[in-house]
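In the two complexes below, chain A is the common chain; its partner is chain B in one and chain C in the other.
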Partner chain A sequence: MEELLQAIASGLVVGSLYSLVGVGIVVIYKSTHVFNFAQGGLLMVGAYLAWFFMVRLGMPIWIGLLGGLACAVLMGFLIERFGMRRLVGQPILSLIIVTLALEALIDGVVTLFWGDREYNVYPEFIPPEPVEFLGVILSLQHIIIFIITMVIIGIFILFFKYSKWGLEMRAVAEDQQAAMCMGISTKTVFVIAWIISTVLAYLGGVLLGSINGVSTTLNQIAGNCFPVVLLGGLESIPGVLIAGLIVGVLEYISGQYLDPIVGASTRAVVPYFILILVLIVKPYGLFGLKRIERI
Partner chain B sequence: MLSLNNVEVMFNKVILVLRGVSLQVPPNAIVALLGANGAGKTTTLSAITGLIKTELGEVTEGSIEFEGKNLIKMTTDGIAQIGITQVLEGRRLFAQLTVEENLRVGTRAKRKRSPIKKDLDMIYGYFPKLRTMRHATAGYCSGGEQQMVSIGRAMISNPKMMLLDEPSMGLSPLLVREIFRIIETVHGEMATSMLLVEQNAPSALDIADHGYVMENGRIVLDGTREELKENEDVKEFYMGLSGVGQKKSYRDVKHYKRRKRWL
Partner chain C sequence: MGSRKNSIGRLGIILVGVLFTMTAFGSPVVAKEIKIGVFGDVTGPIAFTGQQFWKGYSDYFKWIEKHDPIPGITVKLLMEDTAYDPKRYLPVLKKFAAKGISVGYIMGTMGTMTMDKQLRKLKIPCVSEGSGYPRALKPPGYIFLLRPLYPDFLAAACIHYMDLWKKAGNKEKPKLMEITWDVPYGRGCIKLGEPWAEKYGFEVLPYQLFSGQPNDLSTQLLRAKKLGADLIYSNHLEGHQAVLLKDAGRLGLLDKMQFCGGSESRGKQLNELAGKAAEGAWSVSHFVDWSQTDNKGIQLAMDMQKELRGGVNYETQYIMGMIPAMITASAIRYAAATFGPENVNNETIYKALTTMGEINMLGLTPNVKYSPTERRPFKSMNISKCVNGEWVEEKYDIEIPWLKP
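Moving on to the complex of A and B:
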């Protein structure tokens, strides 16, 4: 029983990070209909940037984190300005291929500068003291990370539902021409979407890095965000939140109970397995928007 | 107020769609732009708001001016910000958003600050039906309701000019009448100029002050409401009328002979 609770607790923490990074993919998809395959790479580069500022340059923790944040914002801006904007009006597939290229580029650049297979740790900025809760031992670090991600995702849910900017981003996603006729600058909306996405990837990278250490494997861990996003329905932030938690928890449970039986790590397989099962039953994902068509 | 001078529009750098269109919309007027399918009416509107740029089109000749500003170099959202909103053909609502959210999106182009509740109340004043269904998903509304939302979100910003593209499309005659009545009321109360593209010529000419007839990317005829209503060709081709009491002969049905005169 305790094992199960422990697995669930760890799964929730990792799952919340999947959700956080997944929200970045959803935000871009919601406003531009581009599926951003580079999210994992952006996460990794974010984690490395924070490490670079804090460890290599020896900056104080908070300044280092802010420096990384500034770089993330800049990256989002540059990607949109010089990558995506030039392709506006082209088939959406070419934009998606650009994000794949971006992923490869980031992967290459990070490996080039910071070396492969190197394992780095952050200076401690979230206390890892153990806390006992309902008979489960958790580190305070995990609890804080969970709370931070929940708060950020909550803010985004409210942002899209009620704020003027959120509303306009949803409008642009539905019909760019109509939105332009209403006086909405689609360019501004796209820039904002990309900046939000890179910032979320950065935050996810830093938080994940503070648990797992900073290495190029972060990219693969972030790969689990794709099934999470599809499971949640691609356009729904609450959907991604729930899907992230489901995938995280099932991963850890399978790690706990299936691994000894199979004799190998099942963690990487489980999310995709769930994804296929859900898509067979619900092709729009758990919370996807159904297409409205008038006949 | 709005004037197009000898405007030529080319798509993909080869297809010439507008061949020298000139038209004026004076302040506080309703101007109708009539014509058959493919005559270039919608392209004219898209040239004014710059939407043709998103469809690989460009204005290759002539000028488009609105209150002394050259619109050709401006972006569509910039043009909306200075007070020209276009109601796109086929309503084009944000289907997943609610009726009220659709209207709220329209407030981005406001030039004067005012509480959003007051703006919404103004729209619900013109379209009382929308108030009762403001939380409904726009995509599931009926055609007439969607057209109301579409016009409502364009006028919520209190534009100086509205470009209406076939507001009667796909609506029952009763609804067409209601939509046109509302357009006339809005025009009267808010002093908004309107450029109205229509295939439904009788309804459009009922409310317009002035009309233009387009064919093959050219303006072939223009005049005041009375002049157009009395014009034999307009009567025959656009209103479906021929001489009262006369027997129709097959000679009359062969339009193309007379059409040729215009080209």
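Moving on to the complex of A and C:
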């Protein structure tokens, strides 16, 4: 029982990070219908930016974090303004390929400038002390990361539901032409979507970097987030939240109980296996919208 | 007519002068250029490790060019990024072969596995970090390992642990569990090492694998706790080991088990990442620690970094990058001295590597010796321990059995 509870607790923590990264992908998809394959790279560069301000430039932690955040905002703006906007009207596949190219570009640039060290470490701003509850031992770091992630995702759910920009983004996602007729600036919506996405990637990078250290392998987490996003239904933020937690927990439970039987790490396979199973039954994902075209 | 005679006379004097100069100072000799192909995993999953390898490797050649050049030879390093990606190695090998490399350097097991067959065909000797690929030894081909096989590393840990276990008066069998990275490198110890450990007197528990960059290794550690593991061995990188040690600390297991990693599971970055949880951890390696400042090899590494990089950066992989460079340079030097600089090529370097006897490694590792039938360099391993944030000698020169693939 202790093992199962521990697996669930660890899975929830890691799953919450998947959700956070996944929300960034969903926000872009909701507004532009582009599946952003560069989210992992953006997360990695975000983690490096925070490290650059806090460690390289020696800034106080909170100022360093704000400096990184400002850069993330700028990065989102630049990607949309000088990259994606120029491709408006092009086939959607071209835009997706551009995100793949962006991922490769980020990977190369980060390696070029900062890849000469295996790991870079933040000053300790989230304490790693162990906390025991019901026989489950988590570090305070993990608990705080879980809470922060939940709060951030909660804020974004409210943002999309109640704020003017959030409602405009939903309108653009639903029908760009109709949204434009209503006086909504799609350009502004696209910029906001990319900025939100890079900010989420930045936050994910900082949280992940505080556990693992900052390295060029941080972008690997995106590999687990893609099935999470599809499982959640591509356009649903609550969906991606729940899907992230499900995948995280199942990964750890499979690690606990399947690995000894199979004799290999099943964690990397489990998200995709679940995805296939769910998509067979619900092709639009757990919370995806089933679109019906009336002729 | 007279002026023509004068011109011929002047030309004659110049020619005589030139001939005299050539005789007096020796004829101008053009040094032979030897090309070395480096399969650089400088991006991708082991980018950071590969970059340090490359620094140590290239620095050593720059250093000898300045301080101890190989007579009659100039060395040209060709490096291509192979990104630890199996798709990239063979195209790069083809490119290198077309450029006429005489010898190569491979940074990992992935490249070694991918290119072993083709290197045998092309007859290009390569020194390699790929100790997770025992088939390179059987039959011996053109891969020359820079360290014993990874199962040999595990054997070194088991031998030392068993000594301590017996000295402590324990009668029952100690329990070994591997918690390791699910890649060829990480899995490298299992097949050969675990059966050997069982014969050596360990109870071997089911190994635990993880994929990618782990964020939490609680499940693996809880199983180790449940099964009562005494020695945890891992073949993975510093970041993985840091997560393992931190989680072990959180679960209160650091005092209950001995954690030991391979040569890539130690260093100052592990200490930064894992903090106090790194204290007491072991690492098996084939080279000495930076703390051995009286070691000539370490002194050379420091001098090289001071001169070429303006300061010392205590990365363990830098030392590891120097090792293949020292071996390759020694083989080229031997081939030039034995067969003549003009005859240095892939075949004579291969002959040199297999017949030259011991290579002096300045104490950085034991002296290296290959033979026509063996591609492992030595039979001695070191174990270091993290004490007060420093990696220091726990037990050096452990004689290993050389497990047979």
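Everything that follows uses one rule, which is that the second predicted complex is superposed on the first by the 292 of 295 C-alpha atoms of A that agree within 3 Å, B and C clash if a C-alpha of one lies under 4 Å from a C-alpha of the other, contacts with A are read in each partner's own complex, and residues count from 1 in each chain.
Methods note: contacts are C-beta pairs under 8 Å (C-beta built on N, C-alpha and C of every residue); 3 or more make two chains touch, one makes a residue touch a chain.
Quick caveat, the model's predicted, so the values are computed rather than measured.
When the two structures are aligned on the shared chain, A:Ile246 is found in touch with neither chain B nor chain C. Counting the residues of chain A that each partner touches, chain B and chain C differ, and the larger count belongs to C.
Look at A:Leu218: by the touch rule set out above, it reaches chain C but stays clear of chain B.
Residue contacts after overlaying the shared chain place A:Ala201 against neither chain B nor chain C. Once the two complexes are laid over each other on the shared chain, residue contacts for A:Ala179 go to chain B alone; chain C is not touched.
By the touch criterion stated above, A:Leu289 is placed in contact with chain B alone, chain C being left untouched. In the superposition on chain A, A:Glu3 makes contact with chain C only, not with chain B.
Within the superposed three-chain model, A:Leu167 lies in touch with chain B and out of touch with chain C [touch as defined at top]. Looking at the complex, you find that chain C touches chain A at residues 42-43, 45, 47-49, 51-52, 55, 182, 206-213, 215-216, 218-220, 222-223, 226, 237-239, 242-243, 246, 249-252, 267, 269, 272-273, 275, 315, 317.
Contact residues of chain B toward chain A in the complex are 49, 51, 54, 56, 75-77, 80-81, 85-88, 92-97, 101-102, 104-106, 108-109, 137, 139-140, 143, 153-154, 157.
Listing the residues of chain A that touch chain B in their complex gives 89, 164, 167-168, 170-171, 174-186, 289, 292, 294. If you check the complex, the residues on chain A that touch chain C are 2-3, 6-7, 10, 13-14, 17, 107-108, 111, 115-119, 121, 128, 130, 137-139, 142, 208, 211-213, 215-218, 220-221, 223-224, 252, 255-256, 259-260, 263-265, 267-268.
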